[in-house]
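The two complexes that follow have subunit A in common; it is paired with subunit B in the first and with subunit C in the second.
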Partner chain A sequence: MNVSSIIEVFNDILDLEEGQLTPESSPIDIDEWDSMANVNIIVALEEEFEIKFKLEDILDVKTVNDFINLVDSYTK
Partner chain B sequence: MNILDYPLDSYKILRKKRPLKRELLANKSFITKRIAILGGTSTGEIKEQLEIFLLNSNIRPDFYECEYGQYYEAVMFEDESLKKFNPEIIYIHISNENLKSLNDVDQISEDRAKDEFIKLEFIWQKLSQSFECAIIQDNFELPSFKSLGNFDVSSKSSITRTVNILNEMLYKQAIEKNYLYICDRNYLSSKLGLTNWKDYSLWLLAKYSLSYQAITNICYTLNKIIQSISGFSKKCLVLDLDNTLWGGVIGDDGVDGILLGKESAMGEAYLDFHSYVKELKNRGVILAVCSKNDFDNARSGFNHPDSILKFSDFTVFKANWDTKTKNIYDIAQEINIGLDSIVFIDDNPLERDIVRKEFSGVVSVPDIGDDITRYREILDGSELFNITSLSEEDKKRNDFYKDDKKREKTAFNFTDYNDYLKSLKMIAEIGRFNKAYLTRITQLTNKTNQFNLTTKRMTEKDIEYIMNDDLSISLYAKLDDKFGENGLVSVMQGNIKGSSVSIDLWLMSCRVFKRTLEYTIFYEFAKLARSKNINTIIGKYMPTKKNKIVSDIYKELGFSMVDENNGTLTFELNLLAYEIPENKNITLKKEQK
Partner chain C sequence: MTKEFQIRMAKIEDRKHIMGFIKSYWLDSHILAHDQILFDFQHLENDRLLFAIALDLKDKIVGVLGYISYDHLKANQDIVMALWKVIPNLSDPFLGVKLIHFIQESVKPKFIHCVGITKNTIGIYKYLGFNTGKLHHYAAFNKNCKKFKIAVPPANLKSINESKSYIFTGTSSLAKSLDNLYISSFYKKKIPYKSRDFFVKRYENHPYFQYRFHEVTSENFFKGFIVSRVIKYNGSHALRIIEVVAEDDLIGDIIDEFATTISSSTFEYVDVYASSINNKTFAIKNFEDISSSNDIIVPDHFEPYEKKNIDIHFMTSNKQGTILFKGDGDQDRPSIKSITKSI
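And now, the complex of A and B:
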């Protein structure tokens, strides 16, 4: 799994410049990251890595790091 | 933009949505539309993707969204903000999840469908009373799950049958109500497959009744419906020949050597494409050829005994060695349509690319690839010739333009244009708006860009209102001549205020430019105004990129300019001092009752 391609997904969906997002970023720090954008991120990550998250796994995901770890667990 | 063309890559669009929007907003000029989305399920993503497609079609939407799931309440309790918003188009996005009676096992399907139908009918009625708007209603997809299994399709009390019956009830209403349009969700769901159409996790997580792939597809279709309501449909299909309408190269292989006909698998595929193109022609799409070929060689291809398309099916036939862009430009000129009404089909990616770049965002160039087995599917899926109603005029359009070409040829034989006009033996029928012509009049107001003084777009409801308004003078004109009928081609409408009448709508189809019909309809308008004791006629010219042709018409008619405001010119004519002339080139026929 490639962390930078996850970050790219975030940057595209949230329309951010490179470097604006850190692994610790969460919806609290980023204005564009509202609940609708959160759904977009989930769908985009599923498409990008050709995976399908279990519902229970995506309910508590908060930070960029959480997403990285989650994708990691699906692509191992 | 290529990424927004069929076949759609939903994921790419999702990723690039925001930069796409920025890019589209920067590059174009738009018309605006106020669109209300009334959802029974989540609509946020639908709004965002629909916006991208609309912007790409030069339509800039203002959106209203009701509170989540409150489509019924927003209408029932006359939501104030919806009222204020005053939508031009309302999209009712509801799905099986909103049908309370769908799973009511105690009722037979007929009764379940009726329960739901009554609710919808109420909504449409209420909306159409409150707003002058078009309503786009989703139909319903088949159920994803059937506890009755296969038997569900034919059980007295089943979900499948309820959906089918309800859908049929919607279609009947859409035929009757000219403001109601169906978004064929049912078809799209079969095309994508129900398993791709829905995403159950997404439903639980965010209450979307569709998967993201489905959302992209439904937004594509919605955009086409809205384009069509707004008068932006394509009119003319321009086709390449070699490896597009037959396999092989006619110049090398000859008529006996090309692949066309049921004798070979490839030949049959080309034949099927012929049939599809012919169907388009029969419903009013103008056909033209644009091919790098020797003219006689090119023409001979249609002498192939199996060819379904004939040489005479094409209104314009360009087979020469000029560039395709020049030929396409000439085709548009000869038929007298805008380049934005043209769809170009060519198997050669290079030619497609050149045309796409040269006429960027104007001529539509579907990416049909170079595999004949996919041409039909991609052209059909692109929904470029989407229409929302089919008028008799549409079916006849090819003939109209053909007649036009005959006329042009005759014109060459005259040195005096007036002699030519007289020789046409033109007969005009001028009458007040009536119900039979509602569809055509509406269509004209939405399609006419050149001879159009105010470029006001109207819905059928607007026209119907005008028709019944005592303070309105409304006239249509039909024009026949010795070569054939042109149908209903011009509309003029004014609003009376005290002793003056202001012309709010005046337009004429390009089909009859330079035939002096504009004078005849104006003179009739003036007579009618005089009979209503009008003293002053006020005319406005609102300039657009396309209507320069009419910038001087009021001056020509003897009006004086009285005001200029933001480019809009206002003219007045003192009717008391005006002697209404007669246009001797056109004979008037009495209005048919």
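And now, the complex of A and C:
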């Protein structure tokens, strides 16, 4: 799994500069990260890694790191 | 469930906090933030509030999802969402989705619908597997109207086709129509299905709006009924169809023929917002399709009056395509508290 591809997805959707996002970043830190952006991130990650998340798996994902671990679990 | 947030059904003692939340995070002047009569009318069902609420560790409300039940006495019935709001920039970006999930798990509705969804939530509903779309807005104009003060009609007004397949009989009560409705075979499978109690409460006992009822018959057979409401502005008035209860395949024709009733009236026009009607047989006859017109204006906002067309979006969990009207959910309600019950 390529972590930088995940970060790139976030940067694209949230319109962030490189380095602005850390693994600990969450919607509290990023104004643009609202519920709609969250859905867009999920859809983009599903397309990028050709996976389909189950709703119960994504309900508790809150930080960039959570997303990295989630993608990791689907691509193993 | 996240540890920072708890989701539960609201209790009656939460009412003032929900109203305060609506005032703080939705709109300061929102009628449901100020008018407990309307709030209770929509969301109080016996001794429970039809709201799921999300609370933080200090028991402060951070999200609400209100709904209306179409048949509260039975399980697995249709519900309509009416108010969905979560405070932005919480640590949980999916708290709003969790509120819907919570309602699905705890209420276990047959179908969930919502009329009046905001455009920026359409992606979320689609991701959750709901069907979304825009209500069509149709209007038939009265050729005998001398001056249009509410709407901007088309340059050339259509002549209303006077075919008489249906008879529309005005009634002051829904009682007889409802007696007929619940013995009609088509209604047993109707989506959304609404109980007798719901219809009576929604339309006969509305605290502010006075509705008109028109029973529809054909060759002396009951075919359904129409609920309408008079819109008044600037010394003029128009008739709005709020809901049509009939067999789905007949609804388009019934609405189209209902246009004949305004020719002998002083209404400027009759209009209707509806989804999924067969517009091949409908829009090309007596009605104009306002949704696809750049020249015709039929306002939707009257508090205050806004001279522009308004799009209304909807979502439904029914994959087969549901006919929804402006009367579904809480779209047809006053927006300011000073409205009094009048025809």
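What we mean here is this: the second predicted complex is superposed on the first by the 76 of 76 C-alpha atoms of A that agree within 3 Å, B and C clash if a C-alpha of one lies under 4 Å from a C-alpha of the other, contacts with A are read in each partner's own complex, and residues count from 1 in each chain.
The rule is short, and it goes like this: a contact is a pair of C-beta atoms (placed from the backbone, for glycine too) under 8 Å apart; a residue touches a chain by one contact, two chains touch by 3 or more.
Note that the structure is predicted; figures quoted are calculated from it, not measured.
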{"item": "Which superposed partner A:28 touches (first subunit B, second subunit C, both, neither)", "value": "second"}
{"item": "Subunit B versus subunit C as contact partner of A:9, first or second or both or neither", "value": "first"}
{"item": "Subunit B versus subunit C as contact partner of A:62, first or second or both or neither", "value": "second"}
{"item": "Partner chain in contact with A:72 - subunit B first, subunit C second, else both or neither", "value": "neither"}
{"item": "Partner chain in contact with A:53 - subunit B first, subunit C second, else both or neither", "value": "first"}
{"item": "First, second, both or neither for A:39, with subunit B first and subunit C second", "value": "both"}
{"item": "Common interface positions of subunit A, toward subunit B and toward subunit C", "value": "35-36, 39-40, 42-43, 55, 58-59"}
{"item": "Touching residues on subunit A, where the partner in the complex is subunit C", "value": "26-28, 31, 33-40, 42-43, 55, 58-62"}
{"item": "Complex contacts: residues of subunit A adjacent to subunit B", "value": "9, 12-13, 15, 35-36, 39-40, 42-44, 47-48, 52-53, 55, 58-59"}
{"item": "Residues on subunit C engaged by subunit A in the complex (per definition of touch)", "value": "2, 86, 88-98, 101, 120-121, 123-124, 127-128"}
{"item": "Touch list for subunit B against partner subunit A, complex", "value": "11, 14-19, 44-45, 201-202, 204-206, 208, 212"}
